[in-house]
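Just below sit the structures, each encoded as structure tokens.
Shared chain: subunit A. Partners: subunit B in the first complex, subunit C in the second.
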Partner chain A sequence: MRKRIASLVLLVLLTSLLPGCWDRYDVSDLAIVGGVGVDRVSSGRIRMTLQIALPSAFYGGQGGNGGQSTAASWVVSGEGKTVADAEAALEKVVPRKIFWDSCGILVVGDQMARQGIGSVTDFFLRHGSTRETMLVMITKGEARTFLETSSVLERMSSQATQILDKINVGYSIQLWKFAEMLDSKGIEPVVPWVSIQKAGVVPEPGKGQSQVEQPVLSGMAVFRGDKVIGWLNTRETRALLWLKGKETQGAITVPSPDGSGPGTSVKIRGGSAQIIPEYDGRSLRFQVNLDMNADVMEQTKNEAPVQAGTIKTLDTRTAQVIKQRVTEVLHKAQRDYGVDIFGFGQAFHRSYKKDWREMKDRWDEDFTGADVNIAVEAHVHEIGLISQGAGRSKND
Partner chain B sequence: MANFTKLSKLKPKSLGQNQEQDKHPAEQPEKVGLSGVPWKDQILGPDLETNIRQIKAILNNCSDVIYREFVLAQNERIRLALVYMDSMVDKAQISEQIMKTLSLEVPLVVIGEEITQAQALEFIKQRGLCIHQVKESDRFRDLIHAILSGDTVLLVDGHPTAIINETRGYESRSISESETEPTVRGPREAFVESLGVNISLIRRKIKSPDLKIETLRLGEVSGTGVALVYIEGIVNESLVSEVKSRMARIKVDAILESGYIEELIEDSPWSPFPTVNHTEKPDRVAAMMLEGRVAILVDGTPFVLSVPTLFVESLQASEDYYERFWFASAIRIVRFLAMITSLVLPGLYISLVSFNHGLLPTTLLLSIAAQRETVPYPVFIEVLAMEITFEFLREAGIRLPRAIGQAVSIVGALVVGQAAVQAGMVGAATVIVVALTGIASFVFAYSTSISFRLLRFALILLSGVLGLVGLISGVAVIGIHLCTLRSFGVPYLSPLVPPTTVDLKDTFIRGPWWAMLSRPRLVVKEEQQKQATELKPTPPETRS
Partner chain C sequence: MEQGKIDSKQAILLMMSTVLPTAILTVPAVTVKFAQQDAWLSLLVALSVALIIALLIVNLGLRFPGKTLFVYPEEILGKIVGKIICGLYIGYFLQLGSAVVREFSLFLGATIMPNTPIVVFTILIIAVAAYAVRNGLEVLSRFNQLFIPLSGLLVIMFLLSSKEMNLTRVLPIFDTGLVPVLKGAAYPLNWLGLIVTMGVMLPYLNKPRRAYRVAVIATLLNGLFLLASIMGALLLFGPHLTANWLYPTYDAVRVICLDHVVERFESIILVMWLLGGFVKLGVFYYGAVLGSAQWFVLEDYRPLVIPVGVILGALSFLLYGENVADLDHFFTDAGIPSSVLIFEIGIPLALLSVDLLRGKGRRKG
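Moving on, here comes the complex of A and B:
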């Protein structure tokens, strides 16, 4: 009995050695990818660009000479007939195992995006090592150029872009969500449009200044199917977010209650949006109810400060501005692009299941012709504790 | 020099006695007695000379035995002899309370009366001895044992019975603060090496006639005194008989420490986990017994065993019960976290760094990758080497004289922590992991932490080969093993497995005293209320 147990233990121990640390890669054998870009180059071939992090730039200890001057990434490209081909070409160049888990963004150049990015999403969804939570972004110009830019506060442009996503200035789309929107009818995808902007300088003692380029969010790219057909700027993007009932940051300036001065800035905190479809068999109407919350952010000194009495006026004015902005983006979608980027179709589907079945394939036309009535209610909540604008009494 | 003079005083006496024996080799009684009976079963005869010769034969070559012959003051024909161990007795007591009274003072008490030889024994016992505890015996086994324990045997000529006087008086360490279980709040005294003192320490905690102390003698050569202590009415009777039967099995030459007994009465001798707990604090032993456990005290060691033992005991410290329950509960959770850390952290680190990188946040991954650029060995070898280095340091810290221990820790910290990392031979993260694991293993009970130390290496191996899969299967096997363990019939993981909801009040948290109403159900085997139900203090209804 004891011999049998001993041999069993030995067997287990020895077989555990047989796999020989299968699948083992030390972290120092990995090429840690921060972001990936896909472009279509002039010859019709596809180019994949990787932004690979250089670990020593991220190490604050004594071993690395961490400082701003250290290069943080290595940007390398590979070309091929398909996306997979391009990846295979990259694997030949990169001397380590490409580690995809850390890859946070997928940037597609507009050249590629206009011709359709279905093959790109297909590749990354099938890949197995990449994450479906990658943020999808479109850039005007080449994705490679975007990835080649470094960032100042963050070390890599891919990191900077992920942070932009977190602070709610725009509307981010993860890969899985994008794929889901591609497949579902009644809503067309919109994807963040990022670009590189000159932003400030870094003064260096004795060397003068160096110009800083920073990845920024420029708006949204509008899709029909998997092809980009147009763009929304940041102003329109904000209106789009209001219409979708998403939380967003940013202020708008509305005429002040007493009509004087350049206006009062209110910060829109977000609110709720309700889309109610009405369909009688022939004409399609939508009632959109927006209920927005806002706070007073800034008043110029010539205005009478907002008080309990004037707050209602401010509410109305804010609502008017919001309504105007939402109408603008709605008209752009209906008339210029002819795609439903708001999800009106989904709302219609929920209410009129039978009618949807015949309308879903020609939804874009139906949506374009639909009559949309927008009703906005705004509530300004915090008017601040300042009853007299700062500096006012001195001047008067 | 002082020692030498003492020895030289001893020597001539004992040498003389040995020579006396050598003069009569023929008359010397055999160790295997006259009628072929081993000396242990022999009984005393009426003749003083024979009895002394018999004792001398048994205690042959024991130079510290003293034979003092004298006569009773009342009747000089009555010869007496004292036999005792010079090194074990309180000499002042012997000379004052035995010798002086019998050879000088007895006539002052009993005037004029002649004591006959037949009356002598009874007379001496009743009126002649000023000793607090005397016993009678006619067996050599008892006499020899008494002499060896420091008692004094008084032989009376013409009587086949001896009087055993309690005269023990040997040097023992005084009660001091516990070094292995120090506390911030709570009694500081710890057990000492003397069984008698240890029993008194317990008795002082529990002044109840229900506190039962059963002594027995274990070890054929050492004859070590062992005491089973329990509280009748609380303890489960079948547990006591189980402990007794397991103790009765023990047939060894010597018991030098309670660890001997621990290994001889365990339920699962092959398990890495201790199923018999030990402590050196009387308050903890008292608390254990109040929860229905049996304590086993062993002469010669301050470590007292308590059975049955539960796994959760390694999370408990006596201090938990003296601090307020909020703090005590928080500390319990900290200990639990430390326990998990000390078991899995190195394995987890290896798995994450060499197999499952995707689970690390990118920034951390990059930082670790940067540290490891210059490290020559795979992380598995690195962690293993560092863990072994840490074990070196730990062992060196315990074994070395205290003054040098300081130097070891400084050198260890400098060499391992600083130089190795700076030279790029070891990643800083590895040092952090190993140090954290080391610290965590000191947080909970030492006996369990030793088992975790061993198992940690197994988990490091498994993680190095299979990554998280290996780590988790290792932890699963440990978990299954823990579920199968029992300590004196009580499931080791209780009250967690099998779940006993009421008893969870004293596991990961420590419930307030007014809410802990019952004793651990699986230990006492029935529901036992230990206090009144309405104990929660409330402010008075009306304010005066």
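Moving on, here comes the complex of A and C:
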């Protein structure tokens, strides 16, 4: 009898598990966030903008007129005193549970970024439902406008920027790496600067053309602490990446030996960078050794053809261009902005830990006054599938 | 009382589960807070002290074959003082057990199930552990043996995140000086010193002669895993961010992201920690129950399982304040000196010295 009662009780208890998780959320109950933007509006309040995916746009229908015709996202904003406050305001407007897990980008408007984005990173790192791997970017103007733009090939602008990240055209930084740079002494963060540009047209039969706007990477925002103090354009960005020893894409053009014509285009693949500090108690010097790899992309007519003998000269000329570009960005950081965005301070800390203790709080000044000597070596590896351009031999 | 026997391998694995599950979560952040990038030096200091504790407790246990940490104090120091010490150890195990309950409840609440009341986790984990404890040491060890291969996953996670690791983040070595390194050592020592639990297990080893080997290997393995979790966090996040995370190891797994395809592994890690935390709770729970039974000189410890479980649940709410910050405070400020100095070194050392003087225990070569 006892056993029977016990098994009955067990059965009843077990049936309570049958409905499954009582606080489950189905996809149809979620508002899936693709990207989030944070702005400071004129009244000093904070506005959070969400780019929420509209699921209907993502079901099948790739062929023919897909993508274009259906709207893919809903962009909605909420305001509040703090970031969390703004999120709470959004929760009232969005009729579903806000699902943060797939949020891939965090865009901060420059109004907010100039006054400090520490509270933004705090909110998103503390949150727990957002990923630490989302990409941080700064935009001139409003983050809302950035998120309101759609993309042609991708359905949402947040997706498009993630793809830009994947193919490495610029530089991207995940939230946790940004937080690490914010927390560390001896390096100041740089964050991709994105903007919306007019990019081409979509010809539509019978209707003419429609202008297309596309999110693009425009360079980098330079920080001091958690505040944006300046900008680097794409040219300077690439030099900065070389100095950091990062992998890069994109070509530079090396002038021909006699200075006539555009010269040879080479693609810099990236390489290694070594920063060696030298300090004798008074004067601070840095020796920077760059070792870069490059491929030949295009030769113009008046160049000597690429052969075993001429590659050496191409190497030296490439190195010269790289050195000049790196010096440019270094001077900009030292003279215009006065912040160490390269991690010279960290290199110094590693070699002179005792001196660092007193220098770490005035590092910006010490860095600005430091003497930097840059030595570049470049190696051209691939020359492509042809040795001499078509039509050369006739002219020569 | 306890009829089961466990072999050396099971004992080593059980000692690993006693130390690692919560230690891997919290030790990196606190140690790094004190010793910055030299946290791994702190760990080596803690490890060497823990080895001494291991030798100490095994030496003591082997002098009184078949008797646990709750019985031999009486033989050494007489009935009254012995009973007091035994009572203190019961309290110690209750505190350790309730801390595990609290940590896991809060961790689950904070990370994956924010809408569920904390008390649900507390009741569930205690209920499951109660069942295991009731079935005895042997069952607990066998269960542990089943799941512990899962910790191999941690090694895979380590490899997956190695792409982002950078050796320069732990340089320069010995930047903070000696004092912070020693301060940082106290926290991991608190965990590694839990090898005193050997004092409870030792009589149930099927080959007590191997006890030294068991204790030393277990301590070294524990040290190795903790070292890996500290180094992993430091190489990924650097000292400042590591100290800022509450659970750096969890975040280290969360940031694994290879091409947006291989990512989001945290649930695997959570499963591992849950199973480990359950065994860990089981060990302390078992210690408290067995100790109480031996204190009252009962025939069987099983009637005590449920009452002790209720006490564990209650303590987990009473001792550690309301949130993670309070729990941290308990460990960093209040918990460490008391448990390391008194229970892990002080009392065993005192017992051994008195016994050496009075020569009650069996002499060992």
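The working rule: the second predicted complex is superposed on the first by the 361 of 396 C-alpha atoms of A that agree within 3 Å, B and C clash if a C-alpha of one lies under 4 Å from a C-alpha of the other, contacts with A are read in each partner's own complex, and residues count from 1 in each chain.
As a working rule, a residue touches a chain if its C-beta (ideal position, glycine included) is under 8 Å from a C-beta of that chain, and two chains touch if they have at least 3 such contacts.
Bear in mind the structure is a predicted one, so any value in this text is a computation, not a measurement.
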First, second, both or neither for A:I5, with subunit B first and subunit C second: neither
Subunit B versus subunit C as contact partner of A:S56, first or second or both or neither: first
Partner chain(s) touched by A:W176 [first = subunit B, second = subunit C, both, neither]: second
Comparing the two partners subunit B and subunit C, which touches a greater set of residues in subunit A: B
Partner chain(s) touched by A:E132 [first = subunit B, second = subunit C, both, neither]: second
First (subunit B), second (subunit C), both or neither touched by A:L14: neither
First, second, both or neither for A:Q346, with subunit B first and subunit C second: second
Intersection of the subunit A residues that touch subunit B with those that touch subunit C: 23
Complex contacts: residues of subunit A adjacent to subunit B: 16-17, 19, 21, 23-28, 30, 32, 34, 53, 55-64, 99, 101-102, 104
Subunit A - residues contacting subunit C, complex: 23, 128, 131-133, 162, 166, 174, 176, 179-180, 183-185, 346, 349-351, 353
Subunit A partner contacts - residues on subunit C that touch it in the complex: 110-111, 114-116, 168, 171-172, 175, 237-238, 240-241, 244, 251, 254-255, 257, 259-260, 263
Subunit A contact footprint on subunit B (complex, rising order): 353-355, 357-358, 362-363, 365-375, 378-380, 421-422, 424, 428, 462, 464-467, 470
